[in-house]
Amino acid sequence: MTRGFYIGRFQPYHNGHQTVLERIAGHVDEIIIGVGSAQLSHELGNPFTAGERVLMITRSLASLGRPFYVIPIEDIQRNALWVSHVKSMTPPFDCVFSSNPLVMRLFAESGHTVHCPDMYERQTHSGTAIRTRMLSDEPWEHLVPRAVVEVIREIDGVERLRRIAQSD
Amino acid sequence: MTRGFYIGRFQPYHNGHQTVLERIAGHVDEIIIGVGSAQLSHELGNPFTAGERVLMITRSLASLGRPFYVIPIEDIQRNALWVSHVKSMTPPFDCVFSSNPLVMRLFAESGHTVHCPDMYERQTHSGTAIRTRMLSDEPWEHLVPRAVVEVIREIDGVERLRRIAQSD
Amino acid sequence: MTRGFYIGRFQPYHNGHQTVLERIAGHVDEIIIGVGSAQLSHELGNPFTAGERVLMITRSLASLGRPFYVIPIEDIQRNALWVSHVKSMTPPFDCVFSSNPLVMRLFAESGHTVHCPDMYERQTHSGTAIRTRMLSDEPWEHLVPRAVVEVIREIDGVERLRRIAQSD
Amino acid sequence: MTRGFYIGRFQPYHNGHQTVLERIAGHVDEIIIGVGSAQLSHELGNPFTAGERVLMITRSLASLGRPFYVIPIEDIQRNALWVSHVKSMTPPFDCVFSSNPLVMRLFAESGHTVHCPDMYERQTHSGTAIRTRMLSDEPWEHLVPRAVVEVIREIDGVERLRRIAQSD
Amino acid sequence: MTRGFYIGRFQPYHNGHQTVLERIAGHVDEIIIGVGSAQLSHELGNPFTAGERVLMITRSLASLGRPFYVIPIEDIQRNALWVSHVKSMTPPFDCVFSSNPLVMRLFAESGHTVHCPDMYERQTHSGTAIRTRMLSDEPWEHLVPRAVVEVIREIDGVERLRRIAQSD
Amino acid sequence: MTRGFYIGRFQPYHNGHQTVLERIAGHVDEIIIGVGSAQLSHELGNPFTAGERVLMITRSLASLGRPFYVIPIEDIQRNALWVSHVKSMTPPFDCVFSSNPLVMRLFAESGHTVHCPDMYERQTHSGTAIRTRMLSDEPWEHLVPRAVVEVIREIDGVERLRRIAQSD
């Protein structure tokens, strides 16, 4: 049995993440999804709480066909300890999937196998692009799974983002 | 749809927890299981990492028949902030199940509905009792779900506990 | 009896704050003044310690005619916990006065009544404007209460700011 | 002008504290009262929040006849930094009043003048004694200022203490 | 070239530590000495600051005949991250010398070679025994290197310990 | 006997630091070298761990002819406590050598003597300039002591820096 680890901030979770995870599901038996910067919320770049992001991800992956774990990972501000931190919070894993150079380097230095998945239409499918659309009242719903639209509606997420954006 | 929250340290997860969660499953649509003191491990009273505990719980509940979320919750050492901390890390929930007086009080003071489930054979089915058996080489396997025995074996958990117990 | 909460960083406390607090005093029986980012000092944007700011505020409000509490509030870097943090450090309050969108949103999400007071001559009466004047040796004393001039003189505050400003 | 510093945990504030502070008021022009272990609450030994303790103290000292400052002081778990921490949170002071040997030593090592006030009927007038009475339903109200009885009643403090005491 | 790691709290550094380090010097080219619980001081069990302990050790080892590094290591309260924490603060090392079961286990689980040196007259040569002697005015100077006696005298260490011991 | 304190981040340690330290060695009997921001590593501006920096410095100063102490100093994000923090981690010192205005101010406010050493060819001999050269594959080895070249080679430091630089 092989278990793979994938991490993101998921502000919000979108179709790019979904596509990558569906591909990873073809290579491992179980997937651990780390929700990074878990302690942050109500910020322009991090509007959603870890719990809201856990909900978005879990609902969107309901038909993934693989067991998966969604684990909030708080920042620790010490890169040299970050891999140990992640490993203490997650079930053991055999390989890491990431396209973030720092994440790749940290796991590589501590002896892990790291795969770099192709990003899916990175320009449009990014958290930043989606949050910008929310702020300027452009359509964003087609860029995220149906379940994410529902969660953001339930928590009044777009309004929260707009309010925060008024802060000086 | 109703979602319930249940928290424990699960050092280790045992049949008492399993019985309570199966009962809770009869009252709510989804269950959030908080893994408390997530940052602790390799201690006499807290031998297992949060990730190892997540694995024990997830495997044991495979046939629960209800969606569930297993979320590590780090201690924050400030009781007045603890409920907000829990809520930031979990999907929204409607009610809390706990028999811990402090947990009950903190959630009650912040306006949550708290139910106190009957504990299942509390004397024998406690983390302390099970860890004591592990240390004194008495049988403990019948007190935990099959999946927990497997996880503890994979991580060489009893040996870890014994080594730690030699510390002065 | 009603008690209102007002928060700022007060780097330094100035006539704009004073004017707003005098207005608030007309609407509540007691006022709690939170001194935000209490842990910061000796920075270009935060030159004064929490204690120095407590002194400025307390002396300036000596003739307010209302009981008031001046409470240092350390940052906790977790927006979702911030309201609980504030409430644990202060006497209970009935309403919040703030014109900061994030503060307004956080209190609103946790069910508090928030009033947005008119700012007093915001352009000239801001901490940033006053610190800039201090650095460029322009007059600033007319923008703050008399007591603040005295406190800053006693602690040699302008010299401190200038020294720090030389850091690269 | 002289300013004195006095610190306690005030769980709760009682007649012993009141008597000591009234005596100190005879020796200094202004008093700073530090509310120690400000981050703790809802514990058997620390049932009240910092804000609740600030309220108890401020109301009880209404007729002290001296300006005073009531400042929550969070623990920092590093004795060698504690004096600097206190000083950063408080207006400057000239002398310290304390009968706690560690507090006395830390201030003395950093060059401060420390006075040791006589304790007032220490056996009966201690936080521990009062909390024990609350738990065993014995009268405690005569041991604290009238204002403290009111605050504890408003926050349902005795009930909180009893609930917490049931925790194992 | 081989480098060995040895850790202790050194409250204070004594002849037992000295004897063990002299033995280790026979097996490696360079020695790293970690000063554990570096953030603690002015406590009954931890009277001396990290800097004072660094001074005791460095002076006592002046004629060791091997290069050595004395590194303060702050606690991080998370056993699963402790080895990474130590490694980030120290030059790379090849083996660990420790007789503490938890330290041995943590290094072993992360793949390090751990040697358990014989303790030197453990009963009398322990920090606890020496501190007890200091408190009860019994001779302790023969149990520590000459340089340690000097350092403790310079910082008035015995008096500090006695003062702290009066705290309730 | 006089002891001097000098602090830097040493990312990496270079000939400018070496020159300044050799000059300081002419004025004091012993030197304490604080390795600042010790907790940071694997960042574009802070690529090396504290332990790696300790190694660079210790080897480079082998022939300094003065006893010296190399002490990692973690940031504490509270300027008002920073001097106490430094002093708790280091042997006692008589004077401070620094050209950083904030460091100079903080030590001066707490009553220390501060000397400002002439910087050695500051433009070329800066951590920033050297890291930029590493990234753009220009020669940098002549700007640092021989021992630093060796350490960076052993830990594959240039490759680490380049990988990290790819992070978005």
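By letter and in written order, the chains are A, B, C, D, E and F; residue numbering begins at 1 in each of them.
Quick note on the criterion: contacts are C-beta pairs under 8 Å (C-beta built on N, C-alpha and C of every residue); 3 or more make two chains touch, one makes a residue touch a chain.
Since we're looking at a predicted model, the values are computed, not measured.
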Which chains are in contact with both subunit A and subunit B?
C, E
Have a look at where subunit B meets subunit D and say same if over half of the interface residue numbers show up on both copies, different if under half do.
different
Angle (degrees, nearest 5) of the CA superposition of subunit B onto subunit E:
120
Cα-centroid distance, subunit C relative to subunit D, in whole angstrom:
25
Let me have the rounded angstrom distance from the C-alpha centre of subunit D over to the C-alpha centre of subunit F, please.
43
Just curious, how far off is subunit F from subunit A if you go by their C-alpha centres, in Å?
37
Two or more other chains are touched by the subunit E residues 39, 41, 49, 78, 80, 87-88
Chain pairs in mutual contact under the definition given at the outset:
A-B, A-C, A-E, A-F, B-C, B-D, B-E, C-D, C-F, D-E, D-F, E-F
Per the contact definition, I'd like the list of subunit E residues that touch subunit B in the complex.
77-80, 100-102, 104-106, 109
In the complex, go through subunit E and note every residue touching subunit A.
76, 78, 80-81, 83-85, 87-88
The answer for subunit E against subunit F in the complex is residues 38-39, 41, 49-52, 54-55, 58, 67, 69-72, 74, 87-92, 154-155
Applying the document's contact rule, which stretches of subunit D touch subunit B when the two form their complex?
39-43, 49, 160, 163-168
